[in-house]
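Single-structure report; data block below.
For reference, chains read A, B and C in written order, and residue numbers begin at 1 within each chain.
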Amino acid sequence: MTRRLKVSLALAAAAIAAVATAAAFAGTTATPGITKTSVTIGGTFPLTGAAQLYGVIPKAENAYFQYVNAHGGVNGRKINFKVYDDGYNPAQTVPLTKKLVQQDHVFAVYGSLGTAPILATRDYLNKLKVPQVLVATGDSYWATQYKKYPWTIGFQPDYPGESKVYGQFINSKVPQAKIGVLMQDDAYGQNYYDGLVAGLGDSKSKIVDVEKYDATQTDVSQQVVKLRASGANVFALFALPTQTIDALVVATKIGWKPTTFINNVSASPLFMGLAQKSGANVQGDITATYVYDVINNPNTATAKLYKSILATYDKGADPTDSNNIYGVASAWTFVQALKAAGPNPTRQGLMDALTSMRNVVNPFLYPGIKINTSGTDHFVIDQQILQQFRGPAWVPFGHLFGNAK
Amino acid sequence: MAVSQLTRTLVPTIRIRWSAWIVPALLAGGCIFLVVGSIQSSLFAQQTVSGLANGGIYASLAVALVLIYRATEVINFAQGALATFTTFVAWQLLQWGLSYWPTFVLTLAIAFALGVIVELVAIRPVERRGNVLTVVIASIGLLILLEGAVGWIWKPTVRFMPSPFPLHFWHVGGVAFSSQDIGTIGVSIASVVVLWAFFRFTKLGLAMRAAAVRPHAARLVGVRVSWLLSLGWGLAATLGAVAGLLVAPNPSVQLSPSMMDGILIYAFAAAVLGGLESSIGAVVAGLAIGVVLSLLGSYVSWVTPQLQLPAAFVLMLIVLLVKPSGLFGRTTVRKV
Amino acid sequence: MRTSLGIRAGVIGLAAVVIAVLPLALSDYNRTQGADVAVFFMAILGLNIVTGYTGQISIGHGAFMAIGGYTTAILTHEHGWNDVATLPISALVGFAAGVVVGLPALRFRGAYLALVTFAVALAVPQIAKNYSGFTGGTEGLQLPQHTGLWLYGAAWLSAAILFVLAWLMLRSRTGRALRAVRDSEVAAASSGVSPAVYKTAAFGVSAAFAAVAGSFYVLTISFVNPDVFGLTLSLYVLIGAVVGGLGSLWGVLVGAAFVQLLPIGLTSSHGLSSQSVPVIFGAIVILVMALVPRGAADLLRVGAALSSRKSQNNSLGLEGR
C-alpha cells in the first residue's frame, strides 16, 4: 500500500513539475484571457441559497460591462464576464474558481463575494499569480494582509472602520449612552464589534450588553428582548439583512425606542422598506454609506445614466437596491483599472493599476469620495458618510470621514 | 456480545403502561413551569411567547408532513418547497392586483391542484415500482426542482408579503405580541381541529383513513385507494400553502426560495417527536420545540447560539429514547 | 449465477481500467472533478453498507464526512501532519463516531432513525462552528494545495482499497450475517447472529468509509469550514446511493458520477443561466426513481440475467443480490 502511495506521490511530483513548466512557458507568450478583441474575467456569487439577495450584484456589474462594450469596450476589447453560482459554499467556490482559471482561462477573478469563499480560494489564486480583485466583502484582511497575498484586493470600506465611526459618534453626540450590541457570532460580527470598541476608546464600558446570534438563526427576538431588559438606550446592529429586519420589528413590537445604528451591509433602502411594512419604526436610525444616493437625487446625470444602464442591460432590476449601485460602482472601478493597465494589459499591470490610484473619482460613489491606493495602502474606498432615516429615506448628514490607516 | 449487553443496559425497554401517563404528566409539568415562570418574570413570559410564535410556524408545516406520512409512510422533503412555491404564486397574484382574501382562497385551490398533480406525475410512477425510500428520494428531487423553479421564475430581490392579520402589536402585563403571532398559533390549532373533524366525521375522511391503514381491505369494499392518495397530497399541499401564507409575512422569514428550509428542519423534528401519525402531537411538539429553543438560548449560558440546534436535538433524542414512537405515537406491533 | 458474476467482474475490471487511464486524457481541472467522484464513491459505498446491507436509513452521512474532514484538517493545519498520514486516523475517528450514533440508532426504525441521523448531520457543523478555536469557525482552515493528478490518484487509490475491503467483508460470514439482520432480525437472532452487534458495527464501518471520503473532500477543496458540510451534501450522498442501487456494490460508481458530474455538466452546458440547473437535476432524479427504482445495480443485474438467459435460459429477477 505504502509503495503504491509513494509511486503516486512521485507521479504527482512529476506532474507538478510539468504543469509548472507549462505555466512558465504560457506566461511568457500571452496573457490568459486577453485577445485583441476581448478580455475574459469571472467571479463566483451566491445566486441561490440563503445569501441569494446578493445575487443581483453580478447582474448589475455585467450590465455596466455591457454598457462599456456597447461604447467600444476598453482599448477595443469587449469584457466577457463569466458568473458562477457557488451558493456561498466554499466547496463550490473552489472548483468553480479553478474552472475559471483552468478551463475558462480568465484574465482575472473579479468581484467574487463572501469572506469564507475568498479565504478558500486566496491561496490558490495567489500561488498562480491570478488577480483576485475588488472582492465583495468588507473584512479588513484583503487590505491588511497584502504582503502575503499581493494578488488579492478588496473594494468596499472595511467593517471595523465603519463601526469605529459609530463609536466616535456615540461618544460625541449621544449623552449617557448605554449600548446594547446585536452581532452575528462569527468574524463578520466580530470585525464590527472590534471597530465599535476602538471608536469608543476609553468609554468602552458604555457597552452594557452584547447578544450574539448564529448565522443560521433568522429569528433574533430572544436576543432583542434581552438587550432591552439590559436597560440599553443605544442599539448597535451588526447583523445580516434578514436578522436586521427582524430585530427592528421586534424592537418596535416590545416598545423599545433606542438610538439605533445599522451596519451598511443591511441598511439598503429595500430592507428598511420591508422592515417598515412589517411594523418597524426606523425613523432616526443611523448608518454609513459610500455609494451614490439615487433616491434623493433622482434627476442628476449620474442617476440617469445608472438607471438607463440597468433599464437597458439588467431588465427588472430595482435601482433603489443599493446592491445594484454597488455593482455598477465596482464594475466602473474595474474598467478604470483595466484602462490604466494600458493597451496591452498584463495581470501584473492590472494589480499595479489597482494599487496606484490617485484621487480617482468614481461617479457612482458618494460625491467627494476619492479613491487613493498605493503599494502600502490597499484600502480602495476608505471614506464614508453618516446618514439618518428621515421621512421616507436615508438622508446623509455631516462630513465625509476617512477611516483607513 | 459485550456490545449487545451494553446496549441493553444503555437503552432499556420501556413498558407501555409506564409511558401511558408519562407524556400527559410531562406536558402538564411543562405548562405549569411556563405559567409560573411567566407570572414570576415578564422577561420569561416574553421569551415564552416568542417561542410559542415560532413553534406555531413549525407546527403548521409539521401537520402537513403528518398528513402525508399517515397516508404513505413517506417523509415528504418537498413539503416546504411546495409551500414556498404556492406562497410565491400568492405574491404574484397580489402583484397582479388581486386583493388579499380572493388571493388566499385562489392560492389554496392552486395548491390543492398542485399537490394532486405532483402525486400523479412525480410520486405515483415512483411508488408503483419502488419502495418508501425511492419515494423519499423522489421527494428530495422534487425539493431541488421546486426551489430551483422558484429561483428561476422569480428573480432574487426583497419582496413584501402582507399578513392575513392586521398589523398590530399588543401589550399585556409587560408582554408584547403581534396579531401575526396569535394568528399563526391559532391557525395551526384550527387546522388540526378541521383535520380531526374531517377524518372523524366525513365519509371521505373515513375512506382516507381506511385506505391508509388497510389499503387492500379498503379496495375490497370499493374505496378507490389511488384517488385517495392524490387527494391526500392535495390536502397536504393546501395545508402547506396555509403555512407558507402565515409564515412569509413574518419578519424573521421573508419571501425567498429557501424560506422554508430552516422551518422544515424543525417541522420534521416536530412531526417525529409528536409521533408522526398524530396531528395533535405535531402541534404540541412544534410549540414545545419553539419554546425550548427560546428558553435554552435565553437562560442556559453554555448553550451558545451555535449550540441551540444541537442542544434541542439532544433533548429530543432523550425523549425519543424513552418513547421511540414519539409523544403521541401508537406503538405498532410489527410482523416478523 | 457464475455467468452474471463473470459479467460483473468484467464490468468492474473495465471501469477500473478506464478510471486508471482516464487522467491521461483529462485536464487538471477535470482530474479534480474525477477526484470528487471518488469522494462520493467512498461516501456512497459507506452509506450502502449501513442502508443497503442492514436496512438502517441514514440521512446524515455528511456528518461523518465532516468528522473525517475536520480530523484531516486539524491534524495537518494545527499539528503539521502529512495529509496522507491522517487518513487512518480519520477512519478510526469516523468509526468511533459511527458507533456512538449507531448505539441509540438501535432503538429507532424508518422515519425515526432518519430523523436522528438528519439531526446529527445538522448538529455536527454547528458544533464545529461553536469550537472555532479548534476548527477555525466560519473562517475555516486552509489545507495544502494539491494538483488534480495527485488528488485523482490518491482518492481513487483509496476508493479502490475501500471497495475491495467492502467486497471482502460483504462476501464473508459478516456479510451474510448483515443481510440476515436486514431481512429479519428475529430470524437472525434465533440463528445466533446478534442484530445489535452487527448493526452497530455496520454503522461504525460505514461512518469510517464516509470519514475517509470527507478527508479527501476537504483535500480537494483545500479548505474547510462548516458551510462545506451542509445538508445538501448528506442528501446528495443518499441520492447517489439509491441511484447506484442499495444492497449491491456494483452501481456505486454510477451513483457517484450521477451526483457529482450531472449538476456540473448541466451547469457548463447552460453557462450564465445556471438557474435552470436545479430544475433539470431535480426532474432527472424523479425520472430515475420512476424508471430504475432499484438503481443502476439493478440494470447491471438485468443485463447480466439477459445475457445468461441466452445460454442457460434463466428466469429474470430471481438473481440473488
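Structural remarks
The rule we apply is simple: a residue touches a chain if its C-beta (ideal position, glycine included) is under 8 Å from a C-beta of that chain, and two chains touch if they have at least 3 such contacts.
Nothing here was measured: the structure is a model prediction, and the numbers come from that model.
When chain pairs are compared by their number of contacting C-beta pairs, B-C comes first.
With every chain reduced to the mean of its CA atoms, the largest distance from subunit B is reached by A.
Our note on geometry: subunit B versus subunit C, Cα centroid distance of 30 Å, whole angstroms. Centroid to centroid, with C-alpha atoms defining each point, subunit A and subunit C lie 37 Å apart. The set of subunit A residues that touch two or more partner chains comprises 47-48, 214, 216. Among the residues of subunit B, those touching two or more other chains are numbered 147-148, 151, 304, 306, 309. Multi-chain contact residues of subunit C (touching two or more other chains): 126, 129, 275, 278. On subunit C, the positions that touch subunit B within their shared complex are 51, 57, 103-104, 106-112, 114-116, 118-120, 122-123, 126-127, 129-130, 184, 186-187, 194, 196-197, 200-201, 235, 238-239, 242-243, 246, 275-279, 281-286, 289-290, 293-294. Those residues of subunit B that touch subunit C in the complex are listed here as 1, 3-4, 6-8, 10-11, 69, 73, 75, 77, 122, 125-126, 129-138, 140-149, 151-152, 265, 268-269, 272, 276, 304, 306-307, 309-310, 313, 316-317, 320-321, 324-326, 336.
Those residues of subunit B whose C-beta lies close enough to touch subunit A in the complex are 43, 46-47, 50-51, 54, 147-148, 151, 155-158, 160, 162, 167, 169, 171, 176-178, 249, 251-254, 256-258, 261-262, 294, 297-298, 304-306, 308-309.
Residues 27-29, 32-33, 36, 84, 126, 129, 132, 137-140, 142, 145-147, 149-150, 153-154, 157, 161, 217, 220-223, 225, 227-228, 230, 233, 264, 267-268, 271-272, 274-275, 278 of subunit C are the ones touching subunit A in the complex. Within the complex formed with subunit B, the residues of subunit A that make contact are 47-50, 52-53, 55-56, 185, 212-214, 216-223, 225-226, 229, 241-243, 245-246, 248-250, 252-255, 268, 270-271, 273-275, 277-280, 316, 318, 321.
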